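What follows is subunit A paired twice: with subunit B in the first complex and subunit C in the second.
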Partner chain A sequence: MAVSVREVGRVEINETGQQTASFEIAHPVYSKLRSPLILGHKSYADVTRDICQLLDPKPGRGWWISFSVSLVLLVIGVVAAVHTVTTGIGTWGLNKTVGWAFGITNFVFWIGIGHAGTFISAILFLFNQKWRTSVNRSAEAMTLIAVMCAGLFPIIHMGRPWLFYWVLPYPNTRGTLWVNFRSPLLWDFFAISTYFTISAVFWYLGLVPDLATARDRTKSKLRQTLYRAMSLGWNGSNRTWSRYETVYTVLAALATPLVLSVHSIVSFDFATSLIPGWHSTIFPPYFVAGAVFSGFAMVMTLMILVRKLMHLEDYITAQHLENMCKVALLTGSIVGLAYVTEIFIGVYSGNPNEIFVIINRGLGPYAWAYWIMFSCNALVPQLFWFKKLRTSIPAIFTLSILINVGMWFERFVIIVTSLHRDFLPSSWAMYTPTITEVGLLVGSFGLFFTAFLIFLRLFPVISINEVKGVLGYAKH
Partner chain B sequence: MPNIESAKRFTAAFFEREEDLIAGAAEARLAGFEVYDVYTPYPVHGMDRAVALPPSRLTWIALLAGALGLVFGLTLQVWTSAYDWPLNVGGKPFNSFPLFIPVTFELTVLFSGLIAIGVLFARNRMWLFSKRRVFERVTDDRFVLVLKQSDASFDIDKAQRLFSRHHAIDVVEGDQFV
Partner chain C sequence: MVKTKASRLYGVMAQFDNPSTLVAAARETYAAGYRKINGYSPFPIEELSEAIGFTRTGLPLIVLAGGIIGGLGGFFMQYWMEVINYPLNVGGKPFNSWPAFIPITFECIVLCAAFAAVFGMLALNKLPQPYHPVFNAPNFALATRDSFFLVIESKDPKFDHDEARRFLKSLEAREVVDVEL
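And now, the complex of A and B:
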């Protein structure tokens, strides 16, 4: 129903003294050929009611069960983290040869998950993809939580996490000894903290009008206080909307290169080293595509659960899931292409160390991990060519979980198989995670789901104002 | 931005559809009424043109803030790495300019984003304990057009006719805006 007005005439005064003005109302982007994005012929009031009423009742049994399970996982993670910090990094399965393994695998995995949220909220916004409106709020929340989960791993790996602020370039009593700006690990710190900050303000800005809607509707005193404070006196004025949209677009334009930079910089952690299997110019685009791929898999997993459990089938429709499958198909194919390119370039380089890494990945002691990765990431998404699978919820759910598993293994394979058999055969070693490391991984999932479940209870899970804007998507 | 307190007397028309609001607001403006503001549950595209609202200058703020971040990032890195305490790291030059690009980029984005949103909140006077007036149901499903009764020449009958021609469902007059 979004229309634009073009003035075609000035005001005229006719014989009876009445003023008339003529306008041409154009409907530039909407077409009869489109199918509606939101099902069920909703009115504006229906949208407000449907989304806001999810916040009102006391959480049901399903929520409490999921919350308790997540909390237990989180506690396991806390125990593992305390054990790591009080005893030392020796509690991990790392050794002299494999000095980086589980922690950084989880770090890269979670950062990657976050990328889909920004892709949906910023890149699809710039491309005017209206279907993003139903999923962007929860996808962005997922981004924020995933980045938090990711950030914990390097901090815990520091061994003395309370000194983590030493990576900041601040005047200190050690000289002033500055940080090393030539290190990709420092770039990581800047990239991830910027990414988190910008994602957080972007998400919050999108929330403000919806918090105002929730504020004007809720009966609960506590919630009203919270929403009143957080909605910053939003009253829907057009001047405010105009500036709001300007800044929203600016943030989207900033977040787009930002999200590409974040995983590029994460890939520099590896690519700028001299380790065969890491030292590769393909890494930045390969990592970014993989990140968006894994992130979309996680968004699909979460959205399928959310739409089912919160009865949002009219808002998150089969069409939304199908679109996400298409993005996963595209990015999955890029990832598959990158795998094949890596093999080809490795062999074609003629460098014995490169060739050895390729053979060792596919046929060495970690071949099982490599083939899990290859089949889940390069082959499984190809099933999305079939419309039957793209539109079947159980199929999408299963495939998305397989992709999540595959993408976790991708990072494990890249990191561990490149390290464990290095240039000196006498120092070759195997790596097995200890129970503490597994505990940390489990704990990060606990943190992720705990925080996501709190988000579902506290904030409108779908962007109310944006959905209202696309209600007329196919009407005209 | 017109001062909220200065709108002493106003007429507010409530609409149900954005098309009515756009046409109503545009016609009111062309008919010589002073459109104080328009309130909508979601950003209505075409509204700015209908009430002749100039484009926001916040993009320029974001650009300047980004430039500030860029200069700050580069200066910080070159000064700390090449002048204040040069350290030999793997034989790389002290001023290893290409390696400073990632952090410079991140700081550009960070400055631009944070300052743009900060100025947006300041300009819109959005803050934690704001007690601004909100029209009934405007955050739900109502579109409100507010005309300022600037002087004695304000013709309420003409305004009423204009509103009803655009299917206004309710018209409210008030003394104090806030």
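And now, the complex of A and C:
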């Protein structure tokens, strides 16, 4: 993020306003061989103007249409949640054999989506991937919202969501009976709440200097008050920046193992049980790769919409999307390898129950779901080997949605096909979701998009200070 | 500009158009013997810290302390609850099932270390800070856009108002102004 000053280019920029007659671009240049990350020969003032002006005008028609649609979806979800809580979990299609299905599928799906933000902001930061600067802000916001969506499902699934605080180890009147620290479900609670907190802190910390920029620029009184309070009196002093940089690096280093731990722990929910199809040692890496894979697919879907809706083509370029496609290709291939490994290990184990799960997944009553999962996650990303597809926006958009669908089905397959035919054939059952469960899934998308659209209006969608630091990434 | 008395003065501020001139000016100011100096920029500039002689920060130690407290606290919270306060036989596992306590211990390490990092940074930077004299400078709103500033504070032992102004003017500054308290 920090800039090292090496070279000064000189370009005159016409600037309206008396205070600043003309400014020079003095971007330090990282490399003359690479293509620029930000197009359009931007000066520092251009970056500030371009990003901040997205906050100023009244939202356009595109935003209002998207917002109304999202709100309708959210209302559907609220109705479904109220119905579930007031009537009971019996409104869902669960039965004695399949005790986890839609709710937990949605939970794992959204947690997975929530992995891309921190991957981009922490892991790519440590690997010095400068292209992350254009997408990290909105990817982090996406992470926060996705984790919120995820967290709702286990809470609603409890049936009595107002007692959810019972998972906290707090001194209580039940003889101070503590929570069971040996249970992966409790690890999960700690992992996800920590992850949410750290992601929120990381996101807010990155936002502070940009809120100061917005504060110094906005004319609306209300917004100025908001930005003034939220920017904490930031003045861009070098001592402040220097400590800020240190903390950003430290947080990235802390968030990296954290992001890997979260989905590992989610996978423990399954892997530590004895159910064939769940009881598997490859689950942690397999889940983490799948999470990053689905997260990147969602970031690509969102970024394509955002750059179109907010005219950010100069900032989120085809190159950014291509880089994300490469990450999706890598993680998608890991997921594909995990699918094949799972089949091999299942058959090689010689355990009749394990072999049966493999056969039942591929050929049983839920085979359609398995093959949607397999084709969308293992085969579709392989198309990203072709540069033509990696650089075509419509192709990326279509493929990213297919991957999202596939990753939802992956969780459905893992959960339902393992449970519905277990050790005892007399207890075999089928699972069909009810309209209430579908309503909750729809509602979670409503919440996701509603919150994301509000974020787009309220905060700078691209990290202004970080983009200024990479303007000189390559010579124009 | 109205001349202000030195006692009411926070310092003298020079405005620069690009990071390179700021860094060069900061180096010269440091070389001229000024120590209470600070640069202001819209994005972090690594060389600037060296130029103004700000190279060490205690933050990593604070983070380490936070991580250690989080780790010990996380583990012994579980140990105390499961072994001392209310031992409960869960599936025949030992009361001190330490391997099962590790995931939560890890999460506590990360949580406390990250909080130590963020709150440590805010404390060392004295944030939130609703008022700071530099905001009194006329063009300072540009510090978050595309302007670069260097301040010699009046607290500097070598500080002499006229001398500091003359010195900063000699450094290719766009403008030199006084910053009132």
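In this text, the second predicted complex is superposed on the first by the 446 of 476 C-alpha atoms of A that agree within 3 Å, B and C clash if a C-alpha of one lies under 4 Å from a C-alpha of the other, contacts with A are read in each partner's own complex, and residues count from 1 in each chain.
To be clear about the criterion, a contact is a pair of C-beta atoms (placed from the backbone, for glycine too) under 8 Å apart; a residue touches a chain by one contact, two chains touch by 3 or more.
These figures come from a predicted structure and were not determined experimentally.
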TODO: Record, for the superposition on subunit A, whether partners subunit B and subunit C clash or fit.
DONE: clash
Open item on the list: A:R217 in the overlay: touching subunit B, subunit C, both, or neither? Say first, second, both or neither.
Closed with: both
Open item on the list: I'd like to know which partner A:W368 touches here: subunit B for first, subunit C for second, both or neither.
Closed with: neither
Open item on the list: With both complexes superposed on chain A, which partner does A:F127 reach: first (subunit B), second (subunit C), both or neither?
Closed with: neither
- [ ] Considering only touches as defined above, state whether A:F344 meets subunit B (first), subunit C (second), both or neither.
- [x] neither
Open item on the list: Contacts for A:F386 in the overlay, against subunit B (first) and subunit C (second): which applies, first, second, both or neither?
Closed with: neither
- [ ] With the two complexes superposed on chain A, say which partner A:W64 touches: subunit B (first), subunit C (second), both, or neither.
- [x] neither
Open item on the list: Need the overlap of the two footprints on subunit A, from subunit B and from subunit C, as residue ranges.
Closed with: 1-5, 19, 23, 25, 43-45, 48, 169, 175-178, 180-182, 184, 186-187, 190-191, 194, 197-198, 201, 205, 209, 212-213, 215-217, 232-247, 250-251, 254-255, 257-258, 261, 265, 268, 465-466, 468-469
Task: Residue numbers on subunit C that touch subunit A, as the complex places them - done: 17-21, 23, 38-49, 52, 54, 57, 59-60, 63, 77-78, 81-82, 85-86, 88, 90-91, 93, 97, 100-101, 103-104, 106-108, 110-111, 113-115, 117-118, 120-122, 124-125, 127-132, 134-135, 139-147
Task: Touch list for subunit B against partner subunit A, complex - done: 1, 17-19, 22-23, 26-27, 30-32, 37-51, 53, 55-56, 58-59, 62, 66, 76-77, 80-81, 84-85, 87, 89-90, 92, 96, 99-100, 102-103, 105-107, 109-110, 112-114, 116-117, 120-121, 123-135, 137-141, 158, 161-162
Task: Residue ranges of subunit A in contact with subunit B within the complex - done: 1-7, 10-11, 18-19, 21, 23, 25, 43-45, 48, 169, 175-184, 186-187, 190-191, 194, 197-198, 201-202, 205, 208-209, 212-213, 215-217, 229, 232-247, 250-251, 254-255, 257-258, 261, 265, 268, 465-466, 468-469
Task: subunit C-facing residues of subunit A, complex - done: 1-5, 8, 19-20, 23-26, 28, 43-45, 48, 169, 175-178, 180-182, 184, 186-187, 190-191, 194, 197-198, 201, 205, 209, 212-213, 215-217, 232-247, 250-251, 254-255, 257-258, 261, 265, 268, 464-466, 468-469
